[in-house]
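A quick write-up on the structure given underneath.
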Amino acid sequence: MAIEQIKMPQLGESVTEGTISNWLVKVGDRVNKYDPLAEVMTDKVNAEVPSSYSGVIKELIAAEGDTIAVGEIICSIETEGGEVVTAEAPAVESKPEALEGTADSVSAAVRPNKARYSPAVLKLSQEHGIDLTRVSGTGAGGRITRKDVLQWISAAGEKAAAPAAGQAVSQEKGQSAVLNQPAAVPAANVPLAAGDIEIPVTGIRKAIAANMVRSKHEVPHAWMMVEVDATNLVEYRNSIKDEFKEKEGFNLTFFAFFVKAVAQGLKEFPQMNSMWAGDKIIRKKDINISIAVATDDALFVPVIKNADEKTIKGIAREISELAVKVRNGKLKAEDMQGGTFTVNNTGSFGSVQSMGIINYPQAAILQVESIVKRPVVMNDSMIAVRDMVNLCMSLDHRVLDGLVCGRFLARVKEIIENMSKSTISIY
Amino acid sequence: MTEKRHEVLGLSDEKVLEMYETMLLARRIDERMWLLNRAGKIPFVISCQGQEAAQVGAAFALDREKDYVLPYYRDMGVVLTFGMTPRELMLSGFAKHEDPNSGGRQMPGHFGQKKNRIVTGSSPVTTQVPHAVGVALAGKMEKKDFVSFVSFGEGSSNQGDFHEGANFAGVHKLPVIFMCENNKYAISVPIEKQLACEKVSDRAIGYGMPGFTVDGNDPLEVYKVVREAAERGRRGEGPTLIETVSYRLTPHSSDDDDRSYRAPDEVAKAKTQDPIITFGAYLKETDVMTNELEKEINHRVMKMVNEATDYAENAPYAAPEDALKYVYGN
Amino acid sequence: MAVISYIDAVTMAIREEMERDPKVFVLGEDVGKKGGVFKATQGLYEQFGEERVIDTPLAESAIAGVGIGAAMYGMRPIAEMQFADFIMPAVNQIISEAAKIRYRSNNDWNCPLVIRAPYGGGVHGALYHSQSVEAVFAHQPGLKIVMPSTPYDVKGLLKAAIRDNDPVLFFEHKRAYRLIKGEVPAEDYTLPIGKADVKREGEDITVITYGLCVHFALQAAEKLAGDGISSHILDLRTVYPLDKEAIIEAAAKTGKVLLVTEDNKEGSIIGEVAAIIAEHCLFDLDAPIKRLAGPDVPAMPYAPTMEKFFMVHPEKIEKAMRELAEF
């Protein structure tokens, strides 16, 4: 005696379930093998499901009207002795020799692969000036994988950053010896048509390309934006700008106010003034703000050092001087060193929203967009025309998280929105 | 007593009993396969039910030692007559390694067994028709006197391969017997939506061969017309088109529900003409088969079916890697 | 050794095989009395009679299907499709039947059928007398597809195809029929199906192609040799199944590979060749795999301007080879 189970059969090539229309047996009924047990309805057919055993119906597990998945048990049968219960039929053993000639006979023999470089590995090693003989490979046969090279680059970055802990990590130091080569321009096959001009990539352009590629490649960028009401600031600055120009001899730009606000925010949120150094994060003491200054064909990032200690006037002066230096080609290497955070005046081109690439190895870049007049709902009930500005920030998500950045931006927003004649002094 | 029509055809009592037993065997194997399908043990069945008389009548009219048959998927009666065993058919139903048709590669109903000159077939319908012509052409070139027998449904008689093959055989006067088993339905589409002419056999004249339509429920009538066709073929008089009219008693396949396209009354009526019943009645009326003999035959057939089922169910599958075998011969 | 044309090599191979084996026969449209529209079967009707050189009704599926039936019986039919472009009505017979007969019968039945068809462009044949159809059949395990380039290869490979126990599609370039001549031994020989052949040894670049394009590549290689560029040329000869070892060896030899076909580019034979190289030769490549093929338009237009634009010709190959050499 044994209890056997009857399962929902697959009735049709694409059928996955069946509904019990009605049972043709009841508990205690004696059935013979192949006697019908139930009527089953599927999407394709209506059929009688026969018994696979002779015996007595023990239990009807599915009720009439139930829809049961193929292979689920619908009832059980107590079988009489001597029933040969067959397991799933086995498969015969294949004679392997008969398979020769059908299988793919070209197999990659295992051989030492240490010195076999893929195009991707070679390209990376050239871009970063890596001696591949010094890199150990984790691929088959010791092959150096692209990932191996990327890890080597990242490790080299840490080594370079490590000794600088506790003191100023200057940007040129951040670029370690193995990384001092500019990026090789990818050999994209761009077809030339009549009238196209080929511009050789040299010097500054090459360096910009290398820095951008490196930052974008290595730093996981996240992005955030706040909207700031700068109406008070606009009023205040416009009311004094002509006088200031006359008195000081240079422009009092909005940008100076923003740099000041950011510097103050960094003072209060020192996490923002940090750098990634592989196995550690270095929080910088000095607040040195890099500002982006563009020429027709290049981009420079001179630094306003200790911006938090400077007045708005002082910052405005430095901005003006650095801009002049850039345009006259007088900018020196030291003018661009030591930046800890970048503020970019994208608003000067009329941009209202942008996603900056972080100035490596800093942790964030803030873009000050155009100040534009927009209708704004005030105090829940009134619409007013206000001077609005967006502040967009890209952050290194290895160093910073959304929470601190959100608080930082909220603080900067608050500072700017409260800038008026009565609250700040430009001197 | 009813006239012994089989004697007129030169068929002995033993021969017609053998025919009956073969028809019954085909029916019972088919019925078992449906049960196995409904029990979830085999994925697919495609039936011979209702066409056993045509199949067995035709196959008995051929020379089982030398003629070639190119059956279509319902022709269990043909392949049983030509030497395929119930066990082999069940092995095919269960897709087991020992299945001589395909080693478990093809669905059931895709017959093929070289030692019995049952030529391998596929699922796209009517492709076997030009093959039958090619076999006959080869026989003619080799100066052999075999005929090649090919069967197909009335739906298939619309395929280009039917017309191209029939024309080729007609032009070259090849010994081919084209037998259309008209069971009134191509899955769900009835004969009147398949043919503009009255009968499939009307098409014969277009290919320069005689065409006959016979009662497919009467194995003796089918036997007669196929034997005459075979004789014509052997005499070098070319091909013949034969249409056997019967009825498909089951849905198209285990995946089909025929109630959506034909009335139960129609099927019930057709079942009164079921050749197993009518031929059995003829054998009794002519005193060829007694009740006892009928019982004995039934018992023998069920024993074969049960043994075949058990054997096939327990037989091994092909090894998974066998899927790689026999793409090419060398 | 006699120098004969490509088409004469076809006729010679068939004649010798028919003489050798009474089971070999020819069937197709106009193959008998006329000797074929290209004269590929000329003289066979006279020599072997209408029983073995059979003019069939105009019905390609029957030509293939009757051939398959006879082959399953044990004959060695050579079925001719008058143009490769007209093989389409027979595709069901070739793909559903011939290709699968051995496999579906678990090795019980087989189908030793040869289907010959003239293919290729540059003969003012327009859309339906210029096509290369091999790619349609080149993912059908069970079939073999042979596309020879020289009279010597034609004879050896056609004889091998006739003796093969599986179905072989034998595509003959119709422009090569009388354009290409070469030395062919009078004696019996066969060449292995499935083996590519190095038609020129070289060091700087590898060209892998088949059919008439082999000759175009050889001409281009000759010109480039004058400029010090050494070309290695592999003739696939069998385009399905491909000779992977030979492809890998030829690609690895120079590391710069040009693949040429006169078929439309996308989905063509050379795409598969490129895949084999990409899978096996990463560390040997010195340049991206380069392909030269017909444009992806349905077929070759009739007007000479458009036909020339479509066709691969020696100048196009030379330009592509030079670019690769200079990479």
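Quick notes on this structure:
By letter and in written order, the chains are A, B and C; residue numbering begins at 1 in each of them.
Note that in this section contacts are C-beta pairs under 8 Å (C-beta built on N, C-alpha and C of every residue); 3 or more make two chains touch, one makes a residue touch a chain.
Since this is a predicted model, take the numbers as computed values, not measurements.
In terms of inter-chain touching, the protein chains here all touch one another pairwise. At the centre of the protein atoms shown, by the Cα-centroid criterion, sits C. Distance between chain A and chain B, defined via averaged C-alpha coordinates, is recorded as 66 Å. A separation of 41 Å divides the Cα centre of chain B from that of chain C.
Note: centroid distance chain A to chain C, computed from Cα atoms, is 51 Å.
Within chain B, contacts with two or more other chains are made by residues 325, 327-328. The residues of chain A lying in touch with chain B in their complex are 6-13, 34, 40, 44-52, 70-71, 84, 86, 89-94, 96, 98-99, 101-103. Residue ranges on chain A touching chain C, taken from their complex, read 104-106, 108, 113, 116-119.
Of all residues in chain C, those touching chain A in their complex are 244-245, 248, 280, 282-283, 285. Residue ranges on chain B touching chain C, taken from their complex, read 68, 70, 99-106, 110, 112-114, 119-120, 122-124, 127, 129-139, 141-142, 148, 160-161, 164-165, 167-168, 171-172, 325-330. Chain C makes touch with chain B in their complex at residues 25, 51-52, 54, 56-57, 59, 61-62, 64-75, 77, 89, 92-93, 96-97, 100-110, 141-142, 144, 164-166.
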